[in-house]
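Below: the structure, in structure tokens.
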């Protein structure tokens, strides 16, 4: 877990029993600068983590503890792998102790608290902290994250849609019609978490495909808020998520109309240039068809650009592992940045294929 | 659902929200003599069945009702697709109204009530009814079922192991060593039902394989009791169930040592002869390898006999759909028999492949 | 397979070893008017069909034959479940013998032979027959099919996109912008057939998701040709197919912009009215989310209409079983119509759920 | 791929297009002492490895080469991830150049060449080399491997059965009846390799379960030969492999009768002691139920011991990833040993769960 001589970051995890929690543990247990200090779960107090997750046998010897017992204030950083609302309740106390916070839930994703309250059905309890927090999409927001005490780790769908559209919007509205963007997104079942719900049962989700949030999904306002920051103006987005019978993986098919004045643009070159220095964003060669398994269990996100018959319809294909670049890997990427480590530290695992 | 002129059986289903319930509905809605009168669920009172199970849209227009509203006493037969313990609580009242009972749970499977109580953690509330009930494995018990008021529909694993061993035991202990039979059994996830439990989640059960009841499983005493009836004496069985990442399907690999005096037996012929007249038991040609998809969604059970290098080790392979021959199809086969209909009525669907 | 007294249709199947072939056999073996006379396969000459497809044991006792041995000319109808190009080579001879033809490949789908030749890389060998053939999408083309000698059974994707858009186009361009329709479509792996190809291996396609024909797919011109017939003018369609790790099932998410003058339209009512009399098209209640398992192994296609926030974006969700309504079930629906049988004959199986 | 200062091993891979090949690449690209020099494929000469396996983009920049172009003689070690028969054809030449060989096929697994020839249908072309080769199951054969020039990497099934039985046999026949051992084994589909075969298609293998080698399997003689080495005498084994609808994973359920004189043995303690120092063999606590996902993509193998009701039947459950500990990971473990590196070098990845 640790290598002699390297600077050690003392880490706490709140709510480590879910899938983003175990994925944090998998990655942190292989991170040379991570020193796991505490992991909390009210329900499983006293249980060795490796009893619940036998893949960690011999690698993680912590036990779950109640939040009261865990000395979170002594950590350098605390990850919240909890339901929405938990991080904001504990943020101010931790900040007082100079502990940095990375929230994998939604508490620090939306700057507009009215939007937060409408979608998450709870008031925001620390708008002051929120205002100083950073939206944790490293490739778009590196500088702010590096200096932040609190990071709101992005939602899984937003990560794919934002990275898939950023090169088209960052310079202002010049390439695509921003009034009618369509994101047809597909997620593996682990995105629903480890909650015992009928809809996530094997016998319900296997050998099946469906759309599930056509009437509205919490990631819609998050994507829109960030797209508008990028574009510097209003953006119209249609977003339909679907459920795929696979454990991990997320795939977004994004449709945008190219503006008449931009028809001569070399979009392949535009994307390649934009992401040239990024370790985790792979713009594949023209004509490529990324698949989710090519990023399975890795922090990479792969993009391919298509333009059928050279017309005015742009299609951007984006693949990631929803639990890694879409959640826990991205959180660690944020941590690396916040603590001045090379961004890829502990995140260089090669995707599992087949 | 019904064809003019045919005798109609008035049918009630108690607890129709689970997988054996919806499977009963699928099959009964295609049964020419079935007249569905009521289906109960306390929790879903008033909900159209087809709202929960859209495959039944346009085919079943009943709503779930509380047991109190459902006029079960006016039915000819009531199926219990409920947790263990429900059928025995209602049996005496229904019998008073001359309603026949087919219980898909365990209340009428074990004649030894002490064994029942040990494994199901509840006293048996109507041992008198139990004594007169029939064990509903048609191929082994046809005559008794035809005259029964109450049938205990067999467990899924017992169906495969009993039909896989019956030809070897029915004539007394003459073919195999009955002190050391091994049944290594594998089930699809639907066998765990539609309960929201973490272990049955897609992200837990998919792309995974495990044994799960090595320390003891409720079907063990049920199999043993029936094997002893067949063999006319004690039988020693090792039974290990496993969980397979597929929705439907059950496969049992049964190992038995051939007795020295039986080494010349033609076991292929023995099995073929035993099941020659059976509509739903298919003894495949020598050397066959049945797969579960060849019985998917059908009431057939396929058997193949192997004897490596002609030695003294007999291997019997048995495949069925756990929800059909292992549960709801078998229940309807029992109903047909109890009401004097041809045994295959409404059960002739061809398996879905691929 | 047959019921005494019913008119019997003598049936031949050319190329019955693939998935559409076995699915024809499954359905025809349960069809009261079907009399299977011959099934051809050069490679498997002499092999009992049930040896290759054990789900048919006891139900189909035919053997595969070479085309030369099979007396196809004596059939009333011949289904071609073959690669593209086979049906057109044999059509004229069969027609001479008064045998009707239903081709499940593409030979009689595209009226524009130049388009056919561009996409299928072969000249069309009987344009005269093609001109008199009917496009076999019953719900759109009932009258022409009833009188046809040759039917081109639609592709799987076209079935979903055409039925999902027909109510919006049949009255001319009045509801949606026909210059920019997007169809984001997802198919189970059986759509690729039973060919031994690396991309269709379990270890490649399982636990994975990808787009696969972004640069062009053969179903694109087929959909466009038919949409233009419906709309009476040019239609612009973007079509991206994706591969889902499930055996059967197809799901299309169709995006269309509502024209300003049509913003007051009740699209739910429009669709319900259009398909009110259709046995196999189910317009689900407003807000529904169809899933592919609700049509698994059945000939039904389910549609749901969404309009997020009542805006000008219409989303049509369409689910079918690609092997049934998308192929073999539809072919039998065509046969029923061609032979004057009730359209649902032999196609009333309830979908398998779970 | 390499870390400055560490001793570098020059590595060639013959036949790198299959699943054991890409798994070698995944692991070696993360191995601090591995210097990939060449990877051969006749068919894909000139193709960048990362074009076939996009998970390796940015990590492996080699192209496939024909064996002629690849300077295998200059490597320190060559892995053969080829069909049976390739390694033995090239072994003598490589040995002449002082290149060590690790064969992932069967050429150096069976010391009895008559048995090899019977099962693999080819004569053994270098029995002299075979005689000096080591059977590469590190935990059983460490010393011999460390000094070997040629290692036959074990089959996947043999790895589980041998490690599951070794503690019971190493001291001679004292614990179990060695005349009737049963190994009921289950494998994920990747075990069949990346060959385009109908039986391995998604639509054939998914949502399905079957036995497949009941009449005889090539791993049977390999297991038996090694069991007899361990036991110092004849061993009778019944071995039935099954196919599980998952990509990776292997699970063996082993049944053995405890000898009367061994009934007092603490088998849990026996196994724990035997494997106490082993990095990759995890004897789980008494009562555990290992699942394959707990070793997915890792080199660990987990064992649990069961003894129902304390009787004389011993059940040993063994789980591994067939592509890692069952193939490529084990091969690298052998390499580490042969080159004097710590055995776990480059193999410490935590299993992927979920």
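Per-chain residue numbering starts at 1, and chain names A, B, C and D are given in the order in which the chains are listed.
To be clear about the criterion, a residue touches a chain if its C-beta (ideal position, glycine included) is under 8 Å from a C-beta of that chain, and two chains touch if they have at least 3 such contacts.
Fair warning: this is a prediction, and the values are worked out from it, not measured in the lab.
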As a multiple of 5 degrees, what angle does the CA superposition of subunit C onto its copy subunit D give? 180
A-D compared against A-B, more contacting pairs: A-D
Maximum distance between Cα centroids and subunit D occurs for chain C
Could you please state the distance in Å, as a whole number, between where the Cα atoms of subunit A are centred and where those of subunit B are centred? 46
Using mean C-alpha positions as chain centres, tell me how far subunit A is from subunit D in Å, no decimals. 36
What residues in subunit D touch two or more of the other chains? 19, 188, 190, 194, 203-204, 206-207, 245-248, 290-291, 293, 296, 354
Given the complex with subunit A, which residues does subunit D contribute to the contact? 19, 22, 26, 29-30, 53-59, 190, 194, 206-207, 247-248, 282, 284, 288, 290-291, 293-298, 302, 323, 348-354
Touching residues (chain side subunit C, partner subunit D) in the complex: 19, 188-190, 192, 194, 196-198, 200-207, 245-247
Complex interface listing, subunit D residues touching subunit B: 180, 182, 184, 186, 188, 203-204, 206-212, 214-216, 238, 240, 242, 244-249, 251, 253, 255, 257, 287, 289-293, 296, 304, 306, 308-309, 313, 315, 317, 319, 354
